[in-house]
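Take a look at the structures listed below.
Two complexes come next, and they have one chain in common, chain A, joined by chain B in the first and chain C in the second.
For the complex of A and B:
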């Protein structure tokens, strides 16, 4: 435990206010249980998600930069975003504003017209909820606090696209031992293993769930998700652990859609890694929002003596 | 996965000889190395520059055709006709008619960024796919595709309130694309959730639907973004030689 990130700015983002609320709830509960303080950004806005960039990429940079500026104004140098989309967009804004004069010009102009501070590159840096736990508590810190080990639970860790790609916006990754890898990320594996889980070798950890087109091209999304679900099952997983609300909801939705539309039933359960860590620390299933998931994992959790 | 280049040769361009002997060797029949010769004269020499003028397309000129994008592509694994390398090749040569054969699938790029990760030349193939899909729509070659409708509905909410409300987006998107909200799988999802009765979550979703979540004091940001987007869209139309006031 390094004592890093004891108190950070918290950017939940839009999805965590609604369909991804279980992730929001479990992240906050996990922080509380570990003695880590989260201070929500005041009056934040949408980061642009995967859509605004398709109208104009620099507008997305502005939307994300506004949130970074708020963190700076509140006196923070670190903002933690649990959603892969938010995390990715804030990281991309940091990168673009540090490297591209055109982006800086647009963000400066829009921030002035909107009447708020302009984010200066390097002022605030974004971390993911995985970095937060890994760096503030670490595997050893977690091991010491585990009350209800996940022992026996076979987990496939699914990281998705936005956590590692494209690699140039994540300068702190791929820095050798101890750092996160963009080709084979392992932070979630490390943390869940420390909580007693049996993490299976899951080759599709950074494959795409089709989240960007989850409603606009549902058949392709269902095929991509079905591929993830059946592979996880073939790897022996009982649970897929997620760290992104879009991936999580996509997996849940298309698991049902695969059964209803293509007649392909899969049994693997889908849980946020924060829910799993929370239960390992002795929090109840209800406390970490398992009832708010679309994928009903209650039977499995009871059977494993969790929740 | 290898690139199946032979799949790019259409059957009508294959030469089949009923009776052909070359230097004593009988090469009759379906022989895929015989491709009918043809002269292409209708190059669209402006196409590469036009796509480069749209966001995401800026670095298309860097491509040296290694095929890493297509090799790594998520959609290509589902549909082999989805071929970023080939489309970049066609665009750079100006072979518009060939590109238009695939005009109805270009929009299906899921932005997973595997291509951008793999590309040794920083072409940003993901951006090129978006630029190409926009080019096809702006030029009137395609109608608005579902993903573009989704982008518009989603962004309009962000511009209007600073945040999104998921229920509203789903309702508007299904209405615009003429789909029913009462589909088997959606109903099954709703039933599953209702069974466990997460009262807090349901109250939260209901509250968000009634009182749209919003960022306070958003008006000035909204006006600044609208002005900027208007300028950008006008500049794009002008780069593509589209008259002001023309459709989209």
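For the complex of A and C:
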């Protein structure tokens, strides 16, 4: 534990205000329980998500850069984004503004037109919620605070495809011991194991969840998710831990759809890692928003003495 | 089912074979496990060949780190960063194949083979989805938008 990031700017992003509300709630509750301070960005905007990026990548860079500029104006050098999509886009904006004159020119022009400060490359760093807990508290710090061990809970940790890709926008990863790996990420495994969980080896930890196909071809998304769910079960998992609202919602929705459309029922439960860590620290299931999940884990959590 | 791609195994045949391996009982999977592990790797190569041929490329015969599957992935990902979303899936398939080949008599071999089949299935589904959605443009990370050349919204 380095003690870094005890007070950071918080960029929840659009998904955490809607479908990913339980992630927002559990992230905030986890922070409180750990004595960490999150200060939400004032008047933040969409990171540009996938839609704007598809229309105009530089406009997406501007939208993300505006959020970084707000963090800088509020006096922060670090902004924490729990959503993989937001995290990816803010990191990409950092990279593009440091390496592409065209992006800098567009961001400067649009920032002036909108009447706010232009984000200068290198001014603010984006971290994920996993980095936040790992660096501010660490495994030892977590172990010391666990009141309700996750012992006996078999978890497959699912990182999704945007947490580590493309590699070049994450210069802090792949730096050897202590750093995150882009080929085999482990921060979620480390943290949940510190809380007592039995993390299973899950070969599809960074595989595509089909989120991009949800509207264009739902059957493909359902088949991809069904394969993730059945593989997690084949690995012995009772729970899939997530760290992205898009992946999480996709897993939950398509678990239901797989049963309805393909008659394939799976039993594995889907919970945010922040919910699991919160419960390990003694917070109730309700406090970390488990009742907001589509995947009903109440029986399993009761059986394990959690929540 | 025909793919319309000369010399490429039909998608349905690939998926049927993967599903058959995944559904095989443990005692049967333990027999000729190394052969099945190689077969899954070859099915992975066939999946990437479909993608490359559908895009007018000649699938490479070269290897990367000793495996053609990884070379095919690198070939397919060139200029298409979103394709890296299946990079680790390919590497997991190689890893499981190696694990099985290292000690085919290991009691975990049937489970490892089944997991390898599930990893191969994910690769097949991912590529199938991308082939179907190609006309819609990219939605994944490092997207390559349909309208990148005429995008003028920031001007």
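What we mean here is this: the second predicted complex is superposed on the first by the 307 of 307 C-alpha atoms of A that agree within 3 Å, B and C clash if a C-alpha of one lies under 4 Å from a C-alpha of the other, contacts with A are read in each partner's own complex, and residues count from 1 in each chain.
Criterion: a contact is a pair of C-beta atoms (placed from the backbone, for glycine too) under 8 Å apart; a residue touches a chain by one contact, two chains touch by 3 or more.
Predicted model only: the values in this text are computed from it and were never measured.
Superimposing the complexes on chain A yields a three-chain arrangement in which chain B and chain C clash. By the touch criterion stated above, A:235 is placed in contact with chain C alone, chain B being left untouched. Shared-chain residue A:165: touches chain B and chain C both. In the superposed model, A:184 makes contact with chain C only, not with chain B. Shared-chain residue A:220: touches chain B and chain C both.
Legend: residue contacts after superposition of the two complexes on their common chain; A:212 is shown touching both chain B and chain C. Which of chain B and chain C touches more residues of chain A is settled by the count: it is B. In the superposed model, A:292 lies in contact with chain B only, and not with chain C. Of the two partner chains, both chain B and chain C are touched by A:56. When the two structures are aligned on the shared chain, A:203 is found in touch with chain C, with no touch to chain B. Within the superposed arrangement, the part of chain C that overlaps chain B, taken from 3-11, 21-29, 93-101 or 111-119, is 3-11. In the superposition on the C-alpha atoms of chain A, the part of chain A touched by chain B in one complex and by chain C in the other spans residues 50, 53-59, 62, 106, 109-110, 161-162, 165-166, 207-208, 210, 212-213, 216-217, 220, 223-224. Contact residues of chain A toward chain C in the complex are 50, 53-59, 62, 88, 92, 106, 109-110, 161-162, 165-166, 183-184, 203-208, 210, 212-213, 216-217, 220-221, 223-224, 227-228, 230-231, 234-235.
Only residues 81, 84-89, 91-92, 95-96, 111, 114-115, 118-119, 121-122, 125-126, 128-129, 132-133, 136-143, 145-148, 151-154 of chain C touch chain A when the two sit together in their complex.
The touching residues of chain A, when paired with chain B in their complex, are 14-15, 17-19, 21-22, 43-46, 48-59, 62-63, 66, 106, 109-110, 113-116, 161-162, 164-167, 182, 207-208, 210-213, 215-217, 220, 223-224, 252-253, 256-257, 259-261, 289, 291-292, 294, 296, 298.
Only residues 55-56, 74-75, 78-79, 108, 110-114, 116-117, 127, 130, 134, 145-152, 154-155, 158, 162-167, 170, 173-174, 177, 184-185, 188-189, 192-193, 195-198, 200-201, 204-205, 208, 213, 215-218, 220-221, 223-225, 227-229, 232 of chain B touch chain A when the two sit together in their complex.
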